[in-house]
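In what comes next, chain A is part of two complexes: it sits with chain B in the first one and with chain C in the second one.
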Partner chain A sequence: MIQLIFDTLATAALVAPAAVGFTLIFALLGFANFAVGAVMAAGAFAAWTANALLGWPISAATAAAMLATAALVLVCDRAVFRPLREAPGWALLVSSVALSFVIENLLRLIFRADVRGYDVPLSRPLIWLDARIAPDAAWSILAAVVTLAVVLAGLRLLPWGRALRAAADDASLAALRGIPIGRLRVFANLLAGALAGLSGTLAGFSLAIEPGLGWSLTVSVIAAAILGGIGSAPGAVLGAVLIAFVEEVAVKFTTPAYRPGIGFIALALVLLLRPQGLLGKPLAAGRDQ
Partner chain B sequence: MTFYLIAIATSAGFYLLLALALNLQWGLTGLVNFGVAGLYALGAYASALATERLGLPFLLALPMAALVGALAALMLAALSARLSGDYLAIVTLGFAELIRLIAMNEDWLTRGPRGLAIATRPLPEGLTREAAAIGYLLLVLAVVAIAFWALERIRRAPMGRVLRAIREDALVPATLGRDVQAFRLRAFAIGGALMGVAGSLYAHWVLSITPDHFQTPVTIITWMAVVIGGAGNNRGLVLGAFLVVGIVEGTRFLGGVLPGLDAERLSALRIVLIGVLLILAIRFRPQGLIAEQPLRHTPPGAQP
Partner chain C sequence: MSELTINALAAGYGGRAIIADVSLRVSAGELVALLGPNGAGKSTLLAAIAGTMKPLAGSVHLNGREVTGMDPARLARAGVALVPQRRNVFRTLSVAENLAIGAWPAPRLAGARRDGVLALFPALRPALPRTAGLLSGGQRQMLALGMALMAGPSLLLLDEPTAGLSPVLVEETLLAIARLREAGIGALLVEQNAREALRHADRALVLAGGGVARRGTAAELLAEPDLGALFLGTAA
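Here is the complex of A and B:
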């Protein structure tokens, strides 16, 4: 039981930050950014470069990866998405899938498809109440919990966070009230990028670091955001924990190879039973293609 | 070289079928489908299993692939029928991944990454290698022609007008008493059937299918053919599909220009170029090379 809770949290730790970033971008910019997985892979490679090539400790490497992916997401927004802000919804969706493949294959071009891992000392798992707790999984949970606590508190309390939530609710009304939408867009992209980078870095502990790393997690991340109610940051965290729980339980009955498929089936069930998500508003105002 | 050109033309034919199907779903009706590769794979495996395991002739396996594709597409559209397009996008994408996982891991059924060998050929035995290659190209082109004709009929028929109206604003046809959901499901299912047919033709052409054949680049290339050809316009797609397959094949020759790249890096570079091209096409020419023509308001003979 303790083991299941711990495994769930360890999996949720690598899904939740990216899901919060995805849901923020969806709320503010109104489109599903499918490139979130590729950004995660980029984060894992950035952390690997800092850690294994430059010899930085993993905490510094994580911070470096978050900075790198924040910059990457901002550049991608400037180059690809911002010019399309007047374009129909499909243009953003399809561009994000294409962008995801550009990023993934740029990684393949630079680093090749070899499987890598961080340069961290091997250590024995801690045994606590009969549960085996791997130190890097414990570090993942700690990093994700601290980061998400700061982000969620900031969204609720700080002026930037309130502005972001206001603009996500109604951008034109927020603009009328003097909220600088352009600068907010930059802020949201930096935040979403850093969160995806954190997810990717943490994913690099439990999964092999290779260019397709993020693609296999994309469905889980988006499923978590939808399950929590798209646009709601606390919802995305809750959704990630639930998706992780379902995955951990389901893997016991099938092979681990099906883990990404379980995320999809969970998503399908959510769409059938409660399409507005757990903490979401009714979808009546949902944007149509 | 001749064989190479025939092979390229044949694979352009598969992509043209996929693009025609996507054009019905998205170009005409506005339903985003990121699961093209999944439906294609489903058709290929359904057809291959029907001939190899059940011993059915190709002429029965082909409609079976169409049926499986239609049912899967129907299920996907029904899952997200009442939601906005972003949900259909993620559902179809997840579906394609699930199909790939099943093909990869259910070894007893699909033989996984080792590949499912297919012995059944649609063409009569005893042809020379050249005649078989040309014969298969003609077979694919014949199916393309039938699909093109049928889809043009749908586009001009009352159904096509309803689908376009749904794409522009679903509220209008709904107000006029059209069952918008039923039309959406129908368009998605017909498209799924056609993708299944494309998969079946592909499977019996390559004669050994692995999950790697059905990865997301298939979906990207199909989208590119529709976007570059011109959404909503079937004639533009013919140009789009051949152009895109030409570009995809043409980038193979980058290896000669950039000798420092090994095969793995070269294939990564090709996908990067294709992705960048799609992003540029969406940004600078979203209506495609040949834009959709507005229909005449009164089709001849429609009103007395």
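Here is the complex of A and C:
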């Protein structure tokens, strides 16, 4: 049981940060950004560059990767999504799929298709109550918990966080109350990019760092965001934990190769049974302007 | 003193005008009722003033400064607060958070303004920690109005603030709006309940057929023998 809880948290740590960014962007900009997986891969490569090539400690490399992906997502928004702001949601969704192929192939062009890993010292798993706790998985959980605690507290307590939640609820009304929606979109993109970068960096511990790294997690990220309720950051975290639990239980009876399929089945069930998610409002209200 | 001046305004959807050649003025501390049948363009006029819809022609001036078609967020920070009829509160935020968001244009004054709003709408005080989506219709309208007041507006644009409320709450809401005149806040009030609105307003306009059919003081319009026909825009 302890092992299952730990494995669930370790998987949720990879999914939850990206899911929080995904849900805020979906609620604020009105489309599902399928490029989240490619941004995660870019984050893993940025962290690998800082850690393995430049010799930075993994904590500094993680921070650098978050900055790099924040900038990447902002550039992508300016170049791809902003010109399509008035287009229907499906056009933005298709563009995000195309963008993910562009990012993935740029990574392939720059870094080749070789599989890479971080330059971190090998260490034995800790044994606690018969559970094997890998140090890098423990680091992933710690990094995700600390980052998400800061982000969730900021969303609740800081003026820009409240404004982001308000605009995610109803962007038209937020504009009527004087909130600068354009600057808020910049803030949301930076936040979502940094969180996807964190997810990608942490995924690089357990998955091979290669340009397609994000694809195996994309469905889980989207399922977590929808299960939690679009626009709800705490909901996305809760959704990530539940999706991770379902995946870990299912993997015990099958093989890890089925993990993306399990996430897909969970996503389909959520859309069929509770499309508004656990803590959110109906999906139809997602796009406000 | 603040003043809203609208000259020959036209607005609509897809290039087709719903309202045309509408001119009006709202002075500081003045409550002007905007009456008329459904589809007359009352909400369209408010949207064109508040910047959520680009006017097709005409101009909007606030305190002598042209604000025609200005971005709604900038207009809000300039002192114009539109309270829509629907979707007028952030349903997933608490009442306290809604009020805090309302103070976005002037965050340093949030504490004092919140006290003022809670004095105007005491029913909101016990509901402060509650999620706005769980409020009753009356509480929600109070919160919507309170959130607009948190910005310290010079002009309120109110789109049917009493829609769906009980007669007691209609009276309370209109009284609260009328009291805002003492603070020098001008208001343009769209209201289905014409007689009640005229009892509290200083002046009124009747929109019909896309233009201003009648205008006058509230007392003059209340004295009309056929107020119903006037409201429907069919009076001569």
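Methods note: the second predicted complex is superposed on the first by the 281 of 289 C-alpha atoms of A that agree within 3 Å, B and C clash if a C-alpha of one lies under 4 Å from a C-alpha of the other, contacts with A are read in each partner's own complex, and residues count from 1 in each chain.
We adopt the following convention: a residue touches a chain if its C-beta (ideal position, glycine included) is under 8 Å from a C-beta of that chain, and two chains touch if they have at least 3 such contacts.
None of the values given here were measured: they were computed from a predicted structure.
A.B. asks: Examine A:234 and indicate which partner it touches, taking first as chain B and second as chain C; both and neither are also allowed.
C.D. replies: neither
A.B. asks: Which holds for A:154: it touches chain B only (first), chain C only (second), both, or neither?
C.D. replies: neither
A.B. asks: Of chain B and chain C, which one touches more of chain A's residues?
C.D. replies: B
A.B. asks: According to the stated criteria, A:165 is in contact with first (chain B), second (chain C), both, or neither; which is it?
C.D. replies: Second partner only, chain C.
A.B. asks: Now for A:260: first (chain B), second (chain C), both, or neither, which partner does it touch?
C.D. replies: first
A.B. asks: I'd like to check the shared interface: which positions of chain A are touched by both chain B and chain C across the two complexes?
C.D. replies: none
A.B. asks: How about chain B: which of its residues touch chain A in the complex?
C.D. replies: 26, 30-32, 34, 79-80, 82-87, 89-91, 93-95, 97-98, 101-102, 104-105, 167, 170, 216-217, 219-220, 223, 227, 264-265, 268-269, 271-272, 274-276, 278-279, 282-283, 286
A.B. asks: Considering the complex alone, what residue numbers of chain C touch chain A?
C.D. replies: The contact residues of chain C facing chain A are 50, 52, 71-73, 76-77, 81-82, 84, 87-93, 97-98, 100-102, 104-105, 107, 133, 147-148, 151.
A.B. asks: With touch defined as at the start, can you tell me which chain A residues reach chain B in the complex?
C.D. replies: 26, 31-32, 34, 80, 83-84, 87-91, 93-95, 97-99, 101-102, 105-106, 108-109, 112-113, 211, 215-216, 218-219, 222-223, 226, 255, 257-258, 260-261, 263-265, 267-268, 271-272, 275, 283, 286-289
A.B. asks: Within the complex, which stretch of chain A touches chain C?
C.D. replies: Residue positions touching the partner: 159, 162-163, 165-166, 168-170, 172-181, 231-232, 280-281.
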